[in-house]
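Listed below are the structures to be examined.
Look at the two complexes coming up: chain A is in both, with chain B in one and chain C in the other.
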Partner chain A sequence: MKVIRWSTLVPLLILMVFPVIVDSDYYRHIFIIALMWVVIGSSWNLLAGYTGQVSFGHAIFFGTGAYTAGLCVTKLGISAWWGMLFGGPVAVLVGLIIGWICFRLRGPYFALATIAVGEIFRIGATVWRDLTEGMQGILIIQTFRSKIPYYYLALFLAAACVYAIYRVVNSKWGFYFVAIREDEDAAESMGISGFRYKSLSLAVSSFFTGLAGAFYMNYMAFIDPHVVFSLHYISIMAILVGIIGGVGTLWGPPAGAFIMVLLQETFRSSFFGLLPKWVSEGHVLVFGLLVIFVIRFMANGIIGDWHKIRQIWSRAKSLPPAAAGN
Partner chain B sequence: MSIFRTNRLTKAFGGLIAVKDLSFHVEEGQIYGLIGPNGSGKTTVFNLINGYYPITSGSISFQGKELNGLPTWKICKLGIGRTFQIVKPLRRMTVIENVMASAFNQTARKDDARERSLKILDFCELTRKQDYPAKGLTIGDRKRLEIARALATGPKLLLLDETMAGLTPQEQAEGVKLIRRIRDSGVTIIIVEHIMHVIMNICDQILCINYGQEITRGTPEEVGNNPAVIEAYLGRE
Partner chain C sequence: MEVFLQTLVSGVLIGGIYALVGLGMTLIMGVMKIINLAHGQLMMIAMYITFVLFEYLHLDPYFSLLIAMPSLFVLGVIIQKYFLNPLLKVDSILPENQVLMTVGIGMVLTEVIRFIFHSDYKSVKTSYSSDFIYAGGISYNVAMVIAFMIAVLLTLLLFFFLLKTDIGRSVRATAQNKDAALLMGINAEWITIFTYGLGSALAAAAGSLLLPIYYLFPDIGGPFTLKAFVITILGGLGSTVGAIVGGVVLGVAESLGATYISMALKDAVGMVIFLLVLIFLPGGLKAWTKI
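Up next is the complex of A and B:
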């Protein structure tokens, strides 16, 4: 399970100098969003990929974090930055309550329950106008006009999240999580409390997702229930990031996050305006095709099946005699 | 003072009574055999002992402590390890990772868990395969892995559920040696087994059940010569 080497500092260094070299707020924005998705995807992966509890409801924690930050402004009259402090813990609290209810269900039944709870949160946030302003949403004033502070904050969150998950999966907790994923009955008979360790996994996962939500509120300065509690844009996207990159691998979700965000933006902008406008309508279709392709040919995701990809690459360059004979 | 004792243990699934009024006790250091025809309730007894099923009535005590109502993982922490008849390897973990996940019961440190696991793998003669993924093991090695994982939790009582089924005679002979070594290391064992020469060879005491009720009990010779046991297995003439 050891995966952090010196070479992992290379992408970090590239990301650190990126906004200095690239003097474009547009590209900086795309990278900020991608870094935010590194956090959400990695958190989802800890619960679903390592612990085997597939969540279709990560929008719950994202939205909770975002609204915690938003309500700091509208209800408490303090800065939305306090949300970076409270967002995580509030999301954990929500997560533990949901876990307490849903963890008695296993496999697909747990996944279905998280969809239901997710929709309850979205509709609840829409209807409870006194608290959330409903569909009007919450609008705040951005602290910084420059993208740079947001960029480095997002990079810090992403690095902290990946490092924390690296530490978790290489500890006793990580072994327990994977044991539960592989066979919960066997794990229980090995002295592992399924409920306790699933809850711990969910707590870590919801903490970072809540932080990402609070960051989103501060950065975008506008939220409404249909964006931050969205099944489609948040919960499903978190799953896609995980699957494309590689479920149950440390570097899968970070890779998946950049691939998905770049792909989404490429299509949304009709290949940066080079292609006709109708192309932008097709991005959902392309996501679907991509998922089919990845599941069919690289079931472990791009990072999980990296050795396969490299094999194809090296085989294309020079066919070894034995393989040529076949 | 017996290390383990059940008192009028009963389990009903709706109208079906799977285990009825079963009382037995196991002394420290014994190998205690539990035999009976297919469907007689042996595995159900194990599932009651380790808390997988709730008990309908009666009680189970281990080292003087009542186990009724405790969850499976707590019963394991008290010192009762078990293997499954239908083996449950953690498929996408390597052999040593399987054992380490268990060994974390006794330590929170990874290198310590690894060291303990290496010792247990050596004890179970699985050292050569420590880096194999568990899903790639033969059935014989899977059964060994089940035992290794149960041992890594540090049990004082080990429940072995048909660890010899499906093995070659050669593997069975090695298995018998392994079980003896486990007992000699100070672990009390309750074993469910169908293979008669194995059970007759290693058990100190045997309890024979059918339809969840006791038929007879005693030393292997006594049980082996009992007409009721022969009838339960082979039918009446």
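Up next is the complex of A and C:
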């Protein structure tokens, strides 16, 4: 199964030349955010799409990464860039502890437990002011004024994450993950330790999500608990990115990330100012409608059901003569 | 001691309303085996219906129960019939598709309301909202007491319905074993639709009852969805008696948490209990009550 062909380097090349061609910080910013979501969505997909453990709590790892970077500045007095080094491992540590608690639950109960843990983290980060500054949040000073260094860093992270997940899912681990997703009891009876491989999947997933969090801290230079530990803006968004693109596919979440971020920005800016202002209030509504539509009609997402979409397309072109024959 | 008793009383009173939210969720979970993550949002819709009726027609919130409950019943029927049931026939990688669908529905409901009413906080102030009765050194909020009594009444009606009527028995049969119920000639699909409607109507009742003592904004649904599933897990899945106990336990735990730990940690208390129950008592309180 060779998914990465030379043609897949085309999007990478386009993304590499994008900031050189487009000389607008606004569009660069949108793409940086989209690339960050590629990382989060792909990591979520490894755990949910490949291993079958639907997490509603990826904000935990994102927030942990972000706060690790932030605390490097406020508590240790070193640069927030150290967070890029520590953020991933700390998120993995948190992930393993959570996994130890939550992996004894299956299916929807696992999902519920992750919501609960996520809420505990959010409330905890709000209340524990000595450590996190509470709702005041953490404010640092951005290192670069230009967007370009951040852009290439985000691109590197996204590419590394997708490549790492590609390697993982095509290794022995990946097959174990899928076996657990399809039937955990059967997998266990074949000698695959459900707990161990679910934890491994969670570790990889939380590592990259933590990195994305640390990157967010460095890039946005401001975090507070309601942003980085948010159930809606991070955890649910990660799920939406995965579902829209297609769970259990390598290219689903990257596609989903770009679709979601571009859609969000299009609506938030009222179609770049072309439509009346009230349109901007509807950007979450559009997400909801899109999710309902995708789950209802394209259960495996845009990439997962790509052949179906193409079929509709090609049938629409080829049908008229046949229909005329009737 | 008085503080403790006062906390306990207000916990039990609010717990009665929580129980209604939990009962609806439990019924849906029992029959469909899914978690309805739009439950709080349905309740929010009912609260807005009640609010509009009060604001423009000056209808008493308790009276508008009679309008909010049927409306939400219809809404629930539509959701189940046209959005959730069709998913059973779709082949997908994740079995949690229906749950994710309820997330989408919840988002749409919240955003539609935000579109219409904006994010402002609203409240319904009735003449008795801030009246108190004093008895035995403890004060009882009149609105809360009325709400609690109506909640108990509705719960009794629900039990009568589930235990004594034909449809109620069909609901229970479908919850116990869907295939066996089908073999007995029960139209299980219709029962799922009916149950979702009933669950939504119960959430609506809780919403209308809560309104005079609470405030209202479009995002209020999320926290109540969390509360609802905490109650459901606490009570043992699909156990109706458990849901009532769970509701009261959550109400008391929250108000004890608010009094003795901190107001800010009130919501975390429920979550911690929830995790502890999931881990140490996976059957919920049902494991003890055996119902």
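Going forward, the second predicted complex is superposed on the first by the 318 of 326 C-alpha atoms of A that agree within 3 Å, B and C clash if a C-alpha of one lies under 4 Å from a C-alpha of the other, contacts with A are read in each partner's own complex, and residues count from 1 in each chain.
Here is the rule we go by: a residue touches a chain if its C-beta (ideal position, glycine included) is under 8 Å from a C-beta of that chain, and two chains touch if they have at least 3 such contacts.
Every value quoted in this text rests on a predicted model; they were computed, and no experiment measured them.
Who wins on chain A residues touched, chain B or chain C?
Looking at chain A, the partner in contact with more of its residues is C.
Just checking: does A:194 make contact with chain B only, chain C only, both, or neither of them? Give me first, second, both or neither.
first
Check whether A:149 is in contact with chain B, with chain C, with both or with neither, and answer first, second, both or neither.
neither
Please work out whether A:183 is in contact with chain B alone, chain C alone, both, or neither, and reply first, second, both or neither.
After superposing on A, A:183 lies in contact with chain B but is clear of chain C.
Examine A:11 and indicate which partner it touches, taking first as chain B and second as chain C; both and neither are also allowed.
Neither: A:11 stays clear of chain B and chain C.
With both complexes overlaid on chain A, does A:296 touch chain B (first), chain C (second), both or neither?
second
Do any residues of chain A touch both chain B and chain C, and if so, which are they?
Touching chain B and chain C on chain A: residues 248.
Touching residues of chain B toward chain A in the complex: what are they?
It is residues 50, 52, 71-74, 76-77, 81-82, 84, 88-93, 97, 100-102, 104-105, 108, 110, 113, 149-150, 152-153 of chain B that touch chain A.
Across the complex, what residues on chain C touch chain A?
By the definition above, chain C touches chain A via 34-35, 83, 86-87, 90-97, 99-101, 103-108, 110-112, 114-115, 222, 226, 229-230, 233, 262, 264-265, 267-268, 271-272, 274-275, 278-279, 282.
State the interface residues of chain A toward chain C in the complex, per the touch definition above.
48-49, 52, 54, 101, 104-105, 107-109, 111-113, 115-117, 119-120, 123-124, 126-127, 181, 231-232, 236, 239, 243, 247-248, 281-282, 284-285, 287-289, 291-292, 295-296, 299-300, 304
Where on chain A does chain B make contact in their complex?
Per the touch definition, chain A meets chain B at residues 170-172, 175-176, 178-179, 182-183, 185-194, 248.
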